[in-house]
Amino acid sequence: MSRRHAPALLATAAVALAAAACSSTSSSTSSSTSSSTGAATADASTAPGGTLGGAANTSTPAASLTGAGASSAQPFLTRAFYDYSRSNHDVTVNYSPAGSAVGISDIQSQNVDFGQSEVPMSASDQAKAKGGPILQVPVDLGGVAISYNVPGAPKNLHLDGDQLAGIYLGTITDWHQIDSSIPSGTTIVPVHRADSSGPGYDLDRYLIDTSPTWVGAIGTSTPSKTWPKANVGIGQQLNSGVANYVKQTPGAVGYVEYAYALQNGFTNAALLNPSGSYVSPSIASIAAAGSHATNLSSANFDIVNQPGAGTYPLANFSWTLIYQKQPVTNTGIALGKLLDWLATTGQRNAVPLGYAPLPADAQTVAHTELLQLEDSSGSALFAS
Amino acid sequence: MSDLPFDVPVTAGAGAGVRVGAGTLAGLTRRDAVRAAACAHLDRRRRLGRLATVMCVGALALSLLPLVALVVYVVSRGLPALSGGFLVHTPTPEGIPGNGIGNAVVGTLIIVALAMAMAVPVGLAAALFVVERPGRLSGALRLAADVLTGTPSIAIGVFAYLTFVLAFGYSGLAGSFALAVLMLPIMLRADEEAMSTVPDELWEAGLALGSPRARVVRSVVLRSALPGIVTGNLLAMARAIGETAPLIFTIFGSQFFVFRPTAPMAALPLTIYTNATEPYADAQRTAWGTALVLMVLVVLLSVAARAVAAYLHRKAR
Amino acid sequence: MTYRPDAAVSTLRTPEASSWEPVAGIASILERRRSRPRGRLYAAVRWGGAAVFAGVFLLLLVTLFHQAWAALAHMGLSILWRGWNPAKAQFGAGVFIVGTLLTTVVALVIAVPVGLGTATFLAGLAPRWVAAPCTVLVEFLAAIPSIVVGLWGLIVLTPLFARHVEPFLKEVPLLGALFHGQPLGASILLASVVLAIMVLPTIVALSRVAMSGVAMADREAGLALAATRWQVARKVVIPGARRGIRAAVTLAMGRAFGEAIAVAMVIGNNTALPHSLLSPGATLGSAIVNSFSEANPGSLEKSGVVALVIVLLAISVLVNAGGQLLLRVREEGPPPRGPVDGAVEAIAGTVGPAS
């Protein structure tokens, strides 16, 4: 048996040595090259952290954090954690973009340090959390693009609620019916999320608000994270699955996080908002939606279908879910500082990737939530 | 028309010795007719045989077509991805160079090694039980092995989640456990098959010399069954390395080098799975590069398994 | 040919007083030297192995049933035909069972003729310089991990099917009726083709082993009677290998039932009953992959997904156990095999990943 394992062990050792040699050099070389959507280079002298715990409190304990949740927030989170770790070598964050529902279910069973969800946890979700009350911290502001791959279609296709409902109910089947400039015979392939999702929730909410046909067909006016019409069109897992499918299928239309649409060069539809304007997703139009968030909280989070000449109707905040009572103090401190940084300095990673910067109101909400963090004995982790 | 599969031996002008039809000189035309019919029959059989062979060759081509197409495609897209330190770096966010799967390679090696450490001894011990004590219990064990072999790996992944992960959290160890459960019935079956082909005489000779049973097993039985055992276990390992379903609910994945099995780890099949559906260029490159690495690993292991077995088989003689 | 140690040992335990005094003496010395503790340890190891194996098996069944119980009690037998709608607390596997059966049947329709033809060719019709390397090549196909096949199916086959294969199939005169509806790429058909690629090596390997196992004497008898090689194959080899071939097809069916991840990538994940082979659909495996992680722990939905696992388990196990039984039961007078053949056959019965 040892003869069988020796080669494997030797290989592991060799790879490990090589990795150790390589990783110490990779971090210094990667900051010099960045893509067009790359983050700004980190200034090593800038202390990490926002204002949590006081500006003078700059040290963060070493921690190895695990998080799971929304794929919509993944481009931003991955880049931001990478940014954070360059000035904070002792904090590693392992994020798994398995979907908002997985994030909620993992934090409920305490399998991860933080969850990430595009739709905050409801009261019944909170009740199932094993470790006590959960704090929900807004960390980014993103939009949901309706991306389409129709050769010969105009760049700025106008869509309203009824047309979208018709597409996703299967009653409108030809692109010619949407826009007469597209030649007849181009079949519409509607792509939805096979797993439950924030973007699906947003689109469902939009269609409920704007299309009585949709409400009639799905039989309820409560939006749901699980796509209610899974028997029409193609279902794919996660934003990446939908994006991939739209990219390779002529005639396809799907809803994806705007960051994915931007990164892949998708053509996005302009949606009708309550003010009568057709607005395309962009940083500015998503930010305009975010500015409508008054009294933002995990119970009052909806910014879909807001009025305004330049407001994009499909936008939402992304929420990080952490336990109020942290069993390990150092983990709690590291989490608090990370999230505080994310909501403030970390926002420099947002715009290049296609997210609007978090408005000041949301940053205040984040700060207030984080102040509620306490250790296992109940005393607060941060004073201010 | 008679269905004769052999040629009618006819000597020209001779009427004797021909046992077909008339058998008299007067049956010359009949003999000719029968002979002609037999030859035609043979030709028809030959043509049918050729047609069938052509169709079977077509079937072979159809079997090999997906293999060749797949391998060519994986190599063509995977090879460019293997540049630089792909095998030793850790993953980086999209757009940032220096991307790699080093942590997934290490993770796979650790997870599979642990799974082997769990499954191989149990498989051997259980196989010895089944072979040495035939009866209702070993029959039940065989049935259990059949049921476990038929269990889809997704069910084993769900089982590992419900037991290991809910109790101890996401970890490489949970993945190893799932893979071990997957491999166990295969190993049991292979070990048992290998041991049962050892002739009774060898067992009895060893025992007749008064050796304790354990000694007999170790020096006699295992030695001659070794080729089969090694092949079976290595093939099971080759299969386990490529499995994804037992890992998606158990190991969680990681962007860092992780050597502690009780923490979330990365593994090659999981890397392919998460990158496969990402539309980004970097992710696609990673997926194909990892696919190539995994494919080469699995094929090498399978080849090595058979080579080792052949070598041991020759040595045992 | 099973070994019965107890019979052999019992003769040793009562060494009869023979005229060969030295032998009796040596025998008794050796008996004393046979250390009892080590014998007990060995027995403990054997029992331990069996116990661990049985324990794991029982734990698997108990855990899955325990988790699925809530949904099974809620749905009763109607789980087999109702639809899947968690919002309305409906956790029926009906659509998924249809999808599973459909994809498997189509996969077998494609793979069995091709596989049997290949196996026949490799086992008899081919000259040796062709047969040996081709056998190895087909086993390579078995070694390819199913995630790689799924990846290839997703990236390469999906657009190919959407743009060329499916529109072509719709035009085929008689069969075209099976392929109505828009060609979307991801469909029952594509999933079946991917499954066929995965089960093909199983069918070829096991059929070929079965066919090679037909006694040389029988084959040579046929050849001596001036039968063509094809006639020998058709009349002697294939009927002689009937049981092995049946086992091969059964095991391939079991493999196809259990495939989850690759199918989820190419089947389109649509929960409506498929109305044509070009419709997107869902199978038990793909539904489990999509829904398991995100169901809230302890919820009825989670229990519902585990109930799907139970249904899948039941179907796969029944089919696989049948195939294994067919493999075990041998004809009269098996051809002599070495230890490696047995192991290879055991692995071939489960060869190739089935994630």
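As written, the chain order gives the labels A, B and C, with residue 1 at the start of each chain.
Quick note on the criterion: a contact is a pair of C-beta atoms (placed from the backbone, for glycine too) under 8 Å apart; a residue touches a chain by one contact, two chains touch by 3 or more.
Because the structure is predicted, anything quoted here is derived from the model rather than measured.
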Dominant chain pairing [most C-beta pairs in contact]: B-C
Of all other chains, the one whose Cα centre sits farthest from chain B: A
Chain B and chain C, separation of their C-alpha mean positions in angstrom: 11
Chain A-chain B separation of Cα centroids, rounded to whole Å: 41
Touching two or more other chains - residues of chain A: 109, 236-237, 244
Multi-chain contact residues (two or more partners), chain B: 166, 277
Shared interface positions of chain C, touching two or more other chains: 154-155, 293, 297
Chain C residues within the chain A interface of the complex: 86-87, 154-155, 158-159, 162, 182, 184-186, 264, 268-272, 280, 290-291, 293-299
Sites on chain A touched by chain B in the complex: 1, 4-5, 8-9, 11-12, 15-16, 18-19, 22-23, 26, 29-30, 33-38, 64, 66, 68, 75, 78-79, 82, 92, 94-97, 109, 111-112, 236-238, 240-241, 243-244, 247, 260, 263-264
Interface residues, chain C side, partner chain B - complex: 1-5, 8-9, 12, 27, 30-31, 33-35, 38-39, 41-42, 45-50, 52-54, 56-57, 59-60, 63-64, 67, 113-118, 120-122, 125-126, 134, 137-141, 143-152, 154-156, 197, 200, 204, 225-231, 233-234, 254, 257-261, 265, 285, 288-289, 292-293, 297, 305-306, 309, 312-313, 316-321, 323-325, 337-340, 342-347, 349-355
Residues on chain B engaged by chain A in the complex (per definition of touch): 85, 87-90, 92-98, 102-103, 105-106, 109-110, 112-113, 116-117, 120, 165-166, 169-170, 230, 233-234, 252-257, 259, 263-264, 274, 277-280, 283
In the complex with chain C, residue positions of chain A that touch it: 98-102, 104-105, 108-109, 125, 128, 187, 189, 194-196, 224, 226, 228, 230-237, 244-245, 248-249
